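Beneath this line is the structure, given in C-alpha cells, with notes to follow.
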Amino acid sequence: MENLTTQMAGVPLNHYIYLCAIIFTIGVIGVLTRRNAIVIFMSVELMLNAVNLLLTAFSVHSNDPSGQVFVFFIMALAAAEVAVGLAIIVMVYRNTKSIDINVLNRLKW
Amino acid sequence: MNIIITISITAFIVLYAGLFKAKKALLPLTVVGLLTALGFTIGAWNGNAVHFGMMQTDNFALAFSGICIIGTLLIFLLTQNYFHAKSDNVAEYFTLILFALAGMIMMVSYKNMAMLFVGLEIMSVSLYILAGIRKRDFASNEASLKYFLMGAFSTGFLLFGITLIYGATGSFDLDKIQAYLVDNSKAISPIFYPGVILMMIGLCFKVGAAPFHFWTPDVYEGSPTLITTFMSTVVKTAGFAAFLRLFAGSFAPLHDFWVVPLMVIVCLTLFIGNVTALFQKNFKRMLAYSSISHAGYLLFSLIVLSAKSENNVLVYAAAYTFASIIAFAVLILVKQKTGSDSFESFNGLGKKNPLVALSLTVAMLSLAGIPLTAGFIGKYLMFLNVMGEYQTLLVAFAILNALVGFYYYFKVIVAMWFKDGAEIELSTPGQYKVVLLVSVAITLILGIYPAIILNLI
Amino acid sequence: MTIEQLIWLVPLLPFLGFVINGLGRNSLSKGLVGIIGSGVILASFIISVVIFFSLQGDTQKSHEVFLFDWISAGTLHIPLSFLVDPLSSIMLLIITGIGFLIHLYSTSYMHDDEGFGKFFSYLNLFVFFMLLLVLGSNYIVMFIGWEGVGLCSYLLIGFWYTNSAYASAAKKAFVMNRIGDLGFLLGVFLMFNFFGSVEFSKIFPQAANMLPGNNTLILITILLFIGACGKSAQLPLFTWLPDAMAGPTPVSALIHAATMVTAGIYMIARSSVLFDLAPFTQHIIAIVGAATALVAAIIALTQTDIKKVLAYSTVSQLGYMFLGLGVGAYTGSFFHVLTHAFFKALLFLGAGSVIHAMHHEQDMRHMGGLRKKLPVTFLTMMIGTIAIAGLPPFSGFFSKDEILAHAFQYSPVLWGIGVITAFLTAFYMFRMMFLTFSGKYRGTHHEESHVHESPAAMTTPLIVLAVLAAIGGIINLPHVFGGNEWLAHWLSGAGVAQHELDLSHSTEYALMGTSVVAAIIALLYAYTRYVKGARVPVADEAPRSALAKLSYHKFYLDEIYDFIITKPLDAFSRFFYRVIDTKFIDGIVNGLGWSTNEASKGIRLLQSGNVGFYIFMMVFGIVALLLYTFLYI
Amino acid sequence: MEQLLLLIFLPLAGAIITAFAGKSAKIISTVISVASLVLALFIAGNFIPDASTQFEANLPWIADLGIRFHAGIDGISMLVVLLTNLLIPIIILSSYKHDYKNPAAFYALILFMQTGLLLVFTAMDAFLFYIGWEAALIPIYFICAFWGGKDRIRINMKFFVYTIAGSLFMLMGIIYLYLQNPADNFDIQAFYALNLDSAQQGWIFWAFFIAFAIKMPIFPFHTWQPDTYTTAPTQGTMLLSGIMLKMGIYGVIRWLLPIVPTGVQDWSGLAMVLSIIGIVYASLIAFTQKDTKRLVAYSSIAHVGLISAGIFALNQQGMQGAMVQMLSHGINVVGLFFVLDIIFSRTKTNKIEELGGIAKAAPQLAIVFLIIVLGTVALPGTNGFIGEFLLLMGVYNYGIWTAAIAGLTIIFGAVYMLRMYQNVMLGQTNTLTINFKDIQGTEKLVLYIICALIIILGVYPKPLLHITEASVQHLLEQVNQKLTSVK
Amino acid sequence: MSTQVFYFVATLSIIFSLMVIFAKNPIHSVLYLILTFFTFTVHYVLLNAQFLAVVNFIVYMGAIMVLFLFVLMLLNLNNETEPSKSPLIKIVGVIAGCCLVVTLVGSFKAASINSPLILKNQGLGLVENLGKELFGPFLLPFELSSLLLLAAMVGAVLLSKKDEVEA
C-alpha cells in the first residue's frame, strides 16, 4: 500500500483537477438532462464527490489535513441531505405519484 | 458562542416540550430563549471575541445576529393560530426554525469556510424541510422539492469554489486567505479566481440574485406563508451578511476582478426582479420578486467597498426585514380570511381594518423607498455608496427600476384604500398587533432618525 | 386749492360712484342710482373745470402728482402718479363733460332695464379708468387705464349677456384690444430698455435730444402704434368696433365714439416727441389711417343698422385722425378728437333716442318719416350730420380741413383719399338721416302710434351736444379765418407741437372748397336717391352688385379673419391636444409604462416553473461568469 | 428659530390631532390652519426685508451623513410660506360644502402636506429639502387617489411615478453635490460655494431641472397634469395647482440657479424655448377644451411656462415677477378651481357646452368669477398683472422675440378664459343652470377673500415686492459673481 | 508504472459516472454510481487518504447508496418508465455541460499547475492525524454539524410520517 502511494508521486496536480472538473460536469449534465428527481439527486452526489476528491488532492498537495477534514464535513452534509432529500421525494411521490420534475410546474410566472 | 448555544438549547427544549405535548409552553419557551440570545448578543457588543478560531463575534456579526434574532422573534409571534390549526408537529417546526437561526448565526459570524459551510447547510436543510411542511399541499411539495434540488445543486458550486480557494491558499481560514491575497498580490494562483466566482455563484443563489434567482418566486409562493416570511427576511439577511463577510473581507483585494460580474448580476437582478414583479397578480409572488429586486439593491454595497458598506447593508436589511414582516403578516391575516393571496383579496381592506391597512401602507412605502421610512434611508445609503465612485449610470439604472417598484408596491395600497371590495373584517390576534406595531415603529423610527443605527458597526 | 390737492378727486369720485352703485345695485332705488352715478361725474367735471382754469392761469403748465410707489423691482420703479398738463386737462373736460351728459341721458334711456344699477356702476368705472388713462404720468399707469377701459368696454358691450352674440362681441372687443395691448406693452419694455424709465418726464427730454430715424425709436413707435390700432379700431384690428354696438347706445356714444376709442390718438399725441423722430412710423400711421378711413366709409355706405352706420363712421373718422397724426397734424387730430366727440356722441345719442322711440328697433329699413314724431332728435342729429359731413361753419369742417390741409402738404394722394372719404362720409350720413327721418314710416301702423319724442333727460344732452357740435370749431379757428388757433397754443404747453403748415392761403381755400363741394355733391346725391327716389336698402338676402356686396359684407373681413386666424388656431388647438399631447407626448410617457408592462409579461415567462430550465439558465450564467474569469486572468 | 419650528410642525401636530378627531376634523383643521396663517403673518411682520436668512433653525439630525435640520426664511421663502399658509385655510374652508367620506383622513392629509410644503420652502439643507419634497407628494397622492373622480387610480399612479421619477434624479444630483462638497454636508451655502466645471454643472442642471420641470410642469413634461387636475377632488387640485407646482419654481430659484449658474447659462436657452413653447402650446390647447377643469389645467401650464421663462431670463424683473406671480397664480387658480367646483357641485357637469347662463341665476358668482378670470388674464389692477408685467419685462430683457411670443399669453389667455366665462356664465340659462343657487356661506367668504386679495395685491403689490427684493437681488448677485469668477 | 493506475481508475470513474447519467433505468444509475464511488475509494487509497477511503466506502456506498436504492424500490421505480426528456434538451444539456467543463478547466489555467503531487507526509490521511485536526481546530464545526444531522433527522421524520391532522 505504502509502496503504491509513493509511486503515485508522478501524477501532476492538474490531472486531478481535470478529472474532478470532468466528473463535476458530468454531474451537472446529469442534472440538466434527467427528469427523475432521484437521478438528479444522484448527479448532485456525483458533483459532491468530485469536490471531495479534489479537496483530498489539494490536501495531499499542500500537506495539510484540514482539506480532508472538510471532506468529512461534506460527507456529513451528504448524509443529511440524502435523508431530507429522499424524505421530500417520497413525500412528493405520495402526492403526485410521480417523481418526474416536469410535473412540478404549478408554480410559475 | 453563547448565542448559538442558547438557541440550540432552546431548540432542544422546544423539541422535548413537543414530545410532552406542552403545546402552550412552546411559544413562551421560544421567546424566552430568543430574548436570552438577544441578551447575549447585546452583552457581547464590542467584545470582538474569536471562538476556536472559527467564529468571530465582532460587531458586524452581532448586529446581524441581532436583526436575525429580532426578526425570528417577530415571526414566532406570528405563529399564533398559524400552525396549530393544521398540524400537531408545532414543536418540530419551532425546532427547525431555531436550528435554521443557529445556522444563520454561524453564517454571520464565521471565520472559517467550514463554519460558513456548516452554517449554511444547517439553515438550508432546515428550510428544505420547512418549505414542505404542508405535506398534502402540492404547492408546498413542489416548493420544497424545487428548493431542495436547486439548493443542493448550488451547494455543489459553492463547495467547488471553496475547494479551489483551498487549493490555492491551503487554508479555509478567512484571515489566512486574505493574507494570501495580500502577500501574493502579484502571483495569485489561477485557480483562485474561478474559486471566487464559484463561491459568488453559490452565495448569489442563496440570496436570490439573478440569474440564480429562479427558485425564489416558486419556493416563496409555494411555501407556507410564515416560512416564506422567514426565508425572505431573516434568511436573506443572513445570506447577505455571509456574502459581505467573505467578499468585503477576504476577497476585497480582488475587488477589481469580481466587481464586473457582480455589476452585471446587480443589473440583471434589479431588472428581472422589478420588471417581473410588475405583472404579478398574486401578492405573495410579487413579494418574492420584490425580494429579488431588494437583493439587487443590497448588492450595491459590494460594488463600492467602503468602510460604510457593512453598515449600509445592515440598515437596508433591517428596513427590508421589518417591512417584509409587516407585509407577510397582513398577507397571512388576509389569506386566513379570504383564502386567497391575490391583490383582489386586499380590495377595500382599509375601510374596516385601518390599523392593518395603515401598517401595510407604511411597509409598502418603505419597500418602495419613500422618504421618512427606513426603506428610503436604506436605498439612499446604497445610492450614496455607489455614487461615491460616480457609478452614475448604475444609479440611474437603479432609479429607473425603483420607479417600476413604485408601481407594484402601490398596487396593494391602491387595492386597500381606493378600490371597493368585500369589506371583510380581519380578525387580528393580539400578537399580530404587537408585531405590526413594533415593525411599523421600527420602520418609521429608522426612517426619521436613522442616526441610531448608522454607526452601529 | 391747488391742482395737486384737487386732481386725485377727479378719478376718485367716479370710482366712489362705481363702488356705491356696485354694492347698492340691488338695494338703492333707480333714482338714487341715477343721481349718484351722474352726480359724481358732474362733480368730477366741475373739478376738472376748476383745474382747467387754474392751469390756464398758471405759469407752470405741467404738474406731476405722486400718489404712491406701485411696482419696483431692480432698476424699475413705477410710481402711481398723475400728470396734469394742457393735454390731459382738455381730455378731463371731454371725458367728464360728455360723460356727464351721457350719464344724464342714460338715466332715462336705461330706466326700464333691470340692470340699471349695474349699468351705472360700470359706466362710472369706465370714467374712472378713462381718467386714469389720461392722467397717468407714465406709460404703465396709462396702461392700467388702457386695459381698464377695455374691461369696461367688455362689460358694457356684453351688458345684455344673455344674448350670446352680444357676449361674443364683448369678447371679441376685449381680445382684439389685447392684441394691441401686447404691442403697447412691448413698446413700453423697449422704452424702458432704451430710456431706462417709463416716465413721460424722463423719456421725452431724452428723446428731444435725439436725431430722427433712430431704429429703436421706430420700433418703439410702431409697437405703440399697434397698441393704438387695437384701442382706436384701425386696420386691421377695427372689426371689433362695429360689433361693439351690441352694447346699450349710451355706451356706444361714450366709449365707442367719444372717449375710449380716441385713447390711441391721445397716446400718440402724448408721445408726439417720439413719433416726430420716427418718420417711417408716421408714414405707416398716415397710410393705415387713410386706408381705414376709406375702407370704413365704403362699408358704411350700405349698412342698414343705424348704429352700424355710426360705428363705421366712427372707424372712418378715427382713420382720419390717424391720418392727421401720421402727417404730423397732432393738434389737428386732437381737434378732430374734440369735435368728433361732440358730434359723434350727439349722433349716437340721437340714434339712441330713435331706437328708444322705436322700441329697440335699429334697422333703418323699418324706420322712415320720423321727423315729425321726433323733432328735437331730428334737429339735433341734423346738426351733427352736417358737422360730420364737414360743412362750414360747423365744427367738423374746421377740424377735418386742418387734417386735410396737412395731408395735402404731406402727400396729395393721401389728401385725395381724405377727400373721397369726406365725400363718402357726407353721403352715408345723409343717407342715414333721410332713411330715418324722411319719407313714410315703414313699420306697422300699430308701432307707429307708439313712436314719440324722448323725455327731457334725453333731449337735453342732445341739445347741449348739438350746440357744441355747431360751434365747437371756434376753439381752434385757423388763421385763414382770422382765428388764433387757441387749441394749438394750449397744447404746445404739453409738448404737443404740430408741424407748421406752410401752404399759401389760396391753396388752403382751394382745398377747403374742394372738400366742401364734395360734401355738398354727396348731400345732393343722397337727397335725390333717398328722398326723391325714396329708395330703401334691399333685404339681406337680396342680390347686390359685387361692390355693394363687398361693402355690405364688410369686405368679408370677419370671415377672412375667421378663416386665416380663428379657424387655424382652433384647428391647431385640436391638433395639439388630440395628436401631439394625447397621442405623441403622453403616448411616449404611457408607452414607457406600457412597454415595461409588456416586458414584464414577457420576462415573467422565463419563470417557467420547470426546474430543468432553471438549472439550465443557471448553468448558462455560470458558463458566462467562468468565461469572464478565463478572459480576466 | 422657535417660531420657524412651530410654523413647520404646527400643521403636523394638527394633522395628528385631526386624524383622530373623527367628525370634528373639519373644525379642528380649520382652526389649526388659521392658527398657522396667523403665525405666518406674525413671522412676516417680524421679517426684516433684507437678504439674510432669518428665524434660522439649525439642529443636528443625521450627523453621520452630514444631514442637519437646517431651515430658515429669507425673502424668497417668506413669500411662498405666506402663500402656503394663506391657501391652506382657504382650501380647507372651500371644502365645507363637501361631505367627503373619511373627513379626518382628508384634513389630516392636507395638514400633513402643509408641513411637507413648508419644509420644502424653508429648507436650507438639501436633504431636508428632498424629504419635504417627497413628504408633500405622498399626501397629495392619497388625497387625489382616494377622493378623486373617474379613472383616478391609473391617473394618479402616473402622476406619482412621473413626479417621483424626476425627484429621484434630483436626489442623484443632491448626492453628487454632497460628494463634491468638501465640508461633507448638505448645507445650501456650502453648495453655493462649490466650484464645479461646466460639464458637471450641465449634468446637475438636468438632474434638478427635470425634477422641477415635471413638478411645474414645463412642456413637454406636463402630460400628467391635465388628467390629474381633472380627476382630483377640488381641494386636491387646489393644492396641486395652488401650492405644489410652486415647489418646482421655488426649487429652480433656490437650488438650481445659484448652485449651477454655468449650467443654467449653458442650458437656459433650451429651458427658455421649452417654457415659451409651453406657453403657446398650452394656451392653444386650452382654446378648444370642452372640460372646464382641463381648460384651467392647460392655462396653468401656460402661466407656469411664463414664470419659468421669467426665471431663466436671469434678471431682477423676471425673478421678482416670478415670485409675485407664484403668489398670484396660487390665489387665482385656487379661486378658479373653487368656482368650477361650485358650478360642478350644483350642475354635476364640467362640460362647457352643457353650461351657460349661470350669471343670470347667480349674479354674485358671476362677479367674483369675473374678477378671478380678470386676475388670471392679468388685467392691470389685479394681482396677475404685476407678475406677468414683470415677467414679460424680464423675458424681454432676454430677447425681444422671446417676449413677443411669450406675450402671446396675454392675448391667448384672454381668448380661452373669456371663452370659458362666456360659455359657462353668459348666454341663456338652460335646464341645468336655471335653478342655480348663488354662492352662500363659506363659499361667499372664500371667494370674497380671494377677490379682495386679487385686487389689493394688484393695486398695492409693494409689500410683496419689498419682501423679495433684497433676497432676489442677493441671489442674482451670487449667480453673476459665480459666473464671472468662472470666466 | 503505477501512475498508470491513476489514469486507469480515472478513466473508469469517468465511464461509470457517464453511465450513471445515461442509464435509462434509475436502478442501474444507482448501481453505476456505486461503482463510481468505488473508483473514488481507490483514488483515496492512491492518495493515501485511508480514513476517507474507509468513510467513503462505508457512508457513501454502504449507507447513502443503499438508501437511494431503498427509496427507488420503495417507490417501485425500477422500471424504465421515466419519460425521457426530448433529445433536443439532452443535446443542449450536453453542450451546456461541455461548455461548462471547457470554461471551468480553461479558467483554472490548470495547465500551469502541473507540479507533481508528492505525498510529503505519509501519515497525513490517517485517522490519528485527522482526528487531531478534527477535534482540534475544527471542533466547533464538528460539534455544530450535529445540529445539521439532528435537523435532518427531525426533518426526515417529520416529512415521512403520516400526518394525522391533515389526513
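In this document, chain identifiers A, B, C, D and E correspond to the written order of the chains, with residue numbering beginning at 1 in each.
Note that a contact is a pair of C-beta atoms (placed from the backbone, for glycine too) under 8 Å apart; a residue touches a chain by one contact, two chains touch by 3 or more.
Remember, it's a predicted structure, so these values are computed and weren't measured experimentally.
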Co-neighbours of chain C and chain A - touch as defined: B, E
Touching chain B and also chain D, the following chains: C
Most remote chain, CA-based centroid, reference being chain B: C
Chain pair, most C-beta pairs within the contact cut-off: A-E
Chain whose mean Cα position lies farthest from chain A: C
Per-chain CA centroid nearest to the all-protein CA mean: D
Distance between the centres, which are taken as Cα means, of chain E and chain C, whole angstrom: 103
Between chain D and chain A, distance of the C-alpha-averaged centres to the nearest whole Å: 67
Euclidean distance of C-alpha centroids - chain A vs chain E, Å: 4
Whole-Å gap between the CA centroids of chain D and chain E: 71
Contacts with two or more other chains, residues of chain E listed in rising order: 85, 89, 92-93, 96-97, 100, 104, 107-110, 112-113, 137-138, 141, 145, 148, 151-152, 155, 159
Touching two or more other chains - residues of chain A: 17, 24, 27-28, 31-32, 35, 41, 57, 59, 61, 66, 69, 73, 77, 80-81, 84, 87-89, 91, 101, 104, 106-108
Residues of chain D engaged with two or more neighbouring chains: 161
Contacting chain pairs - touch in the sense defined above: A-B, A-C, A-E, B-C, B-D, B-E, C-D, C-E
Partner chain D, residues of chain B touching it in the complex: 365, 370-372, 376, 380-381, 383-384, 387-388, 390, 392, 395-396, 399, 402-403, 406-407, 410, 414, 417-419, 449-451, 454-455
Interface residues, chain B side, partner chain C - complex: 146, 149-150, 153-154, 157, 190, 193-194, 197-198, 200-201, 205, 210-212, 214-215, 217-218, 257, 260-261, 272, 275-280, 404, 407
Chain A contact footprint on chain C (complex, rising order): 604-605, 607-612, 615-616, 619
Touching residues (chain side chain A, partner chain C) in the complex: 28, 31-32, 35, 101-102, 104-109
Contact set on chain A toward chain B in their complex: 17, 24, 27-28, 31, 37, 40-41, 44, 47-48, 50-51, 54-55, 57-59, 61-62, 64, 66-67, 69-70, 73-74, 77, 80-81, 84-85, 87-89, 91-92, 94-96, 101, 104, 106-108
